[in-house]
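Which chain is which? They are A, B, C, D, E, F, G and H, in the order written, and residues in each are numbered from 1.
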Amino acid sequence: MTRTLVGVVMGSRSDWETMRHCVEQLEAFGVPAEVRVLSAHRTPGELSAWIAAAEERGVEVFIAAAGMAAALPGVVAAQTTLPVLGVPMESKLLGGLDSLLSIVQMPGGIPVGTLAIGKAGAVNAAILATQILARAHPEYRDVVARHRAEQATKILAEPDPRAG
Amino acid sequence: MTRTLVGVVMGSRSDWETMRHCVEQLEAFGVPAEVRVLSAHRTPGELSAWIAAAEERGVEVFIAAAGMAAALPGVVAAQTTLPVLGVPMESKLLGGLDSLLSIVQMPGGIPVGTLAIGKAGAVNAAILATQILARAHPEYRDVVARHRAEQATKILAEPDPRAG
Amino acid sequence: MTRTLVGVVMGSRSDWETMRHCVEQLEAFGVPAEVRVLSAHRTPGELSAWIAAAEERGVEVFIAAAGMAAALPGVVAAQTTLPVLGVPMESKLLGGLDSLLSIVQMPGGIPVGTLAIGKAGAVNAAILATQILARAHPEYRDVVARHRAEQATKILAEPDPRAG
Amino acid sequence: MTRTLVGVVMGSRSDWETMRHCVEQLEAFGVPAEVRVLSAHRTPGELSAWIAAAEERGVEVFIAAAGMAAALPGVVAAQTTLPVLGVPMESKLLGGLDSLLSIVQMPGGIPVGTLAIGKAGAVNAAILATQILARAHPEYRDVVARHRAEQATKILAEPDPRAG
Amino acid sequence: MTRTLVGVVMGSRSDWETMRHCVEQLEAFGVPAEVRVLSAHRTPGELSAWIAAAEERGVEVFIAAAGMAAALPGVVAAQTTLPVLGVPMESKLLGGLDSLLSIVQMPGGIPVGTLAIGKAGAVNAAILATQILARAHPEYRDVVARHRAEQATKILAEPDPRAG
Amino acid sequence: MTRTLVGVVMGSRSDWETMRHCVEQLEAFGVPAEVRVLSAHRTPGELSAWIAAAEERGVEVFIAAAGMAAALPGVVAAQTTLPVLGVPMESKLLGGLDSLLSIVQMPGGIPVGTLAIGKAGAVNAAILATQILARAHPEYRDVVARHRAEQATKILAEPDPRAG
Amino acid sequence: MTRTLVGVVMGSRSDWETMRHCVEQLEAFGVPAEVRVLSAHRTPGELSAWIAAAEERGVEVFIAAAGMAAALPGVVAAQTTLPVLGVPMESKLLGGLDSLLSIVQMPGGIPVGTLAIGKAGAVNAAILATQILARAHPEYRDVVARHRAEQATKILAEPDPRAG
Amino acid sequence: MTRTLVGVVMGSRSDWETMRHCVEQLEAFGVPAEVRVLSAHRTPGELSAWIAAAEERGVEVFIAAAGMAAALPGVVAAQTTLPVLGVPMESKLLGGLDSLLSIVQMPGGIPVGTLAIGKAGAVNAAILATQILARAHPEYRDVVARHRAEQATKILAEPDPRAG
């Protein structure tokens, strides 16, 4: 049994197109993660079992992605005291405002740290999870700092747009 | 043990100010109901236990009210195959649009029949629940029809606004 | 004359692309349904006649779909005391927020149980209608329960997204 | 029986607080109007009867005001070929955006000329109705032109705000 | 010089794709109309000149279409006491909510009767303009009534969607 | 005749409660300003006359404030090639989103530099106008810089909130 | 010099009314925190200095609160690789939607874990920060778990609403 | 070293597709501009350095474009007392409402003159910048006036849409 540090769960197989960017970022950081498709509404029992088992396998941060009436991140947060991050999926209604509000507007008591809608949020969930892990796992501090520096380098290397 | 036909659950004691209009309408219709304050996020175990017990006590329709990232109606719907009605609570953000979208935008598979935000929705949940009950409990058909007629009478009895 | 249990009405032929998912779900459940294109605004007389006739043919639940200033579900609800479910159609404005608000924000007295915008709502209207029918027609209870189980199985059978 | 030229209808007695500004403007213009509280959903029969009778009494323009899922203006427009103006009432959700979208977003075929939400719309409905009447009743042309001039005079008579 | 009864003005040549549906409906009704592309912001002088000249040519109703910060309908309404109808153009932001609010939310004193966003509103502006004209030009009453009847016929002639 | 550098115009006397903060900021900066209540819709002629006269009196920047379908800033911008700043007034609908979109969403060709809704925008319009003036009137450069420094000092002088 | 684990910063003294709930929750958890009023726009230098110094004093999580065009949380996140949580303040526009979108919609690369608007978000930021700290500081694990249990107890101790 | 009068900065290379319209307009006006891709979050140091250097090279107006949680314009405005104009980029959420609110809703003290979302705003930023420059650089007054006249000519040269 391999240890995993981040548990990534999404409410539907169709969320993978977005969440692959999250998992690829975790892989680029060398953070071991497990990935599941489980629904707060359609497989609540399996979801509970996975949360408990993931904690036992060493997961320290959960990332939950869902769309529309996106209950999944909140339901995960209700069943663990580990930090839970939420990624709202784009939807046709208002471009994902329904997903965003369903995740971020958690009532006092059960927090979900919410990222941007869609791909930007998926990538940022991976980065924030690694920043959190880096408190107790100092080996990830450099990883995050290096990534930050690379972003700057990449922007600065952009040629003058007018030349392009 | 008294039989109850409708199970009303709200996510917070503060929802009662709105949901009392739902329960009063059920009482006016003579529909036996049980009322609980239970949270999808903070008391998930007690919620599950109540849903199961309520079904055993004869509940045939659930009404669930919640605000903000309002997961409660969907979580109830995920744990029963009885009809579930949802009432979005008013909130400061957009007047309750967060509550509404969190309840009505359920993904395919687990329906929540959603009513209007706030008091109008609370009253209408009671009426719709009674309309549903009336299919298998014909004694409620007259109750609903009489209420409909009374509404018309009430409007028609309004004096000319200009006289007022 | 065959008995029908659900009356499905949509405001425009163009709604069929969405509502076919509702009717196919009813057919998969073995629920006899009748389907009409009738407009609250353009064919109000025919709509009234159909509602009355449908009740006589045994309809116990109405499903009404409409877009934009979507008056149809409310107008149906005003002419029957049977349960009425509403399905908002997607629109260009805000992705269907106009349709949603026109259906769900019914004033107190005349309820419409509203489902999600578009295809998810169309499917869920069929499921909720069957859940309602199952109270007086116990033969549908198994149908709904089996469908719920199948949904879970389907999600759990998803291969690991990373393998895909 | 007095002849009336404008028929004003509102969905609820509580709309009068707003619509009194419409009726007072019509009175100031000397336009004979009749005023009713009738609901598209709760008194559809009485509404139809009133529309037909009002046309016989000489009404040439209808003004309909409603809030939330505001079907009234569209339902009036569906039953007459006279011009129909709609006034959305303020509501708690989004300040009346639900009322506005339910009135203005009429599908092609049945127009409702929609005014602003609340008091400004109520006053403007009276002015637009009089502008319409003035085509066939030239005696109202001066009335409208004089009102326009008075508005300008009133603004120009404002003292320097800094003096105030 | 031919007499025209309706003056149609749009803020940009690109609005024609939508407004052609308005003009075609007027032509189908036999209503003589003149059509201009004039901007409230970029050609205010020519706009004023056209409004005055159009009134002299017999125009009795104006239809103004614009998008984004859509000042055109209000600016037309400010320069005439004839009835002015506004058609909001679709835009990328919120699907045209900016256009709609810029047209419909006129302050008290200067009314614009606003129709739906896009094609539906364009068609309905033509119908409402004809309904207004029909008060003083009774020959258009039949035209409108016949159109209403045709709409009903067209919907009722739709084949059963399931057959299609 | 005193020279003025900034022309402040608002669409209604009721906007003064907000716009006094703009004028007080200009006064604090020692920028001579003239203030008018003029409406794009109700006093278009007087508005045009004032714009021309103000330019002759030396005005170099216009600030225009309006609410709802807020055409005033765009109409000013259409009649001058001086920089025009717009301040959206709060409104009941969406807290002023109608005012904001009516001002900021100007089509290409006629710019309005738009500030925040309400008091913050009123103050910032005064600051931005002074920043613009400071290019040709260097005596205002210090004024702006000093104000910037004072803001920082004020925040840093705040006592520890927990002490408060 | 006392060690602090959480750095709380807000953009304006007026945010304290909301953020006191965050700080009180941290105090109830026994988490040492430092609190500052610093603005991303008005005191950028002092903000940078504080972030660096706070890291040296042992801060492991930042909580940043701001309203309107709420740049503060993102600006903090840009200057540290520690986890940053954002709390959107209520505002008049849309009830705080401007604050929420300005914080949560961070582009890929610089994450801000965003909580609900207003008091609920303030409390949840404190809880999430403690959950994050608890990974490297196990003494906080019990604190969080006990708080979770207390919440459930509190809800379950609510008397029957109908008795109240 | 060439003197530049306008500094254009965008948060991401992908904004160039929109902002090229801004730069092309400046070039058409003969206004020397420099263009950079720099991020408020990812390259804050380089951004500060560029702002200072640009001021030394003679820049008198800044134009900053960004999307989503668009902090860039405000961060530029915080580091200069020159006029700063902001251009919100289109985004998937609400068509760019997040970008717009993040730029326009600046708190009192640090103004950003905000233009429309997307291409229209990009062009208008160039025009407004030139209008501002024209106060101290009278040679640009004619340029702006000529452009205004050309716009009118272009609209008036449009053929009758019905002929097209």
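Assume contacts are C-beta pairs under 8 Å (C-beta built on N, C-alpha and C of every residue); 3 or more make two chains touch, one makes a residue touch a chain.
Quick caveat, the model's predicted, so the values are computed rather than measured.
The chains touching chain B as well as chain F are D, G.
When chain E is laid over chain H using CA atoms, the rotation angle comes to 90 degrees (nearest 5).
Comparing each option in G-H, C-E or C-D with D-F by residue number, the pair that reproduces over half of the contacts is C-E. With centres set at the average Cα position, the gap from chain E to chain G is 52 Å.
One simple way to say how far apart two chains are is to compare their mean CA positions; for chain F and chain H this gives 19 Å. In this assembly, the C-alpha centroid of chain B lies 35 Å from the C-alpha centroid of chain D. Residue positions of chain D touching 2 or more other chains: 12, 39, 42, 68-69, 91, 93-95, 97, 100, 104-107, 109-110, 116-117, 120, 148, 151.
Under the contact rule defined at the top, the touching pairs of chains are A-B, A-C, A-G, A-H, B-C, B-D, B-G, C-D, C-E, D-E, D-F, E-F, E-H, F-G, F-H, G-H. Residues of chain F that touch chain E in their complex: 11-12, 39-42, 44, 67-71, 74-75, 77-79, 91, 93, 97-98, 101-107, 109-110.
Here chain B touches chain D in the complex through residues 90, 94-97, 100, 116-118, 120, 148, 151-152, 155-156, 158, 160-162, 164, going by the rule given at the top.
By the touch rule above, chain G contacts chain A in their complex via residues 60, 81-83, 85, 100, 104-117, 119-120, 123-125, 127-128, 131-136, 141, 144-145, 148, 151. By the touch criterion given at the top, residues 10, 12-13, 16, 19-20, 23, 35, 37-39, 42-43, 46, 68-69, 91-95 of chain E touch chain H in their complex.
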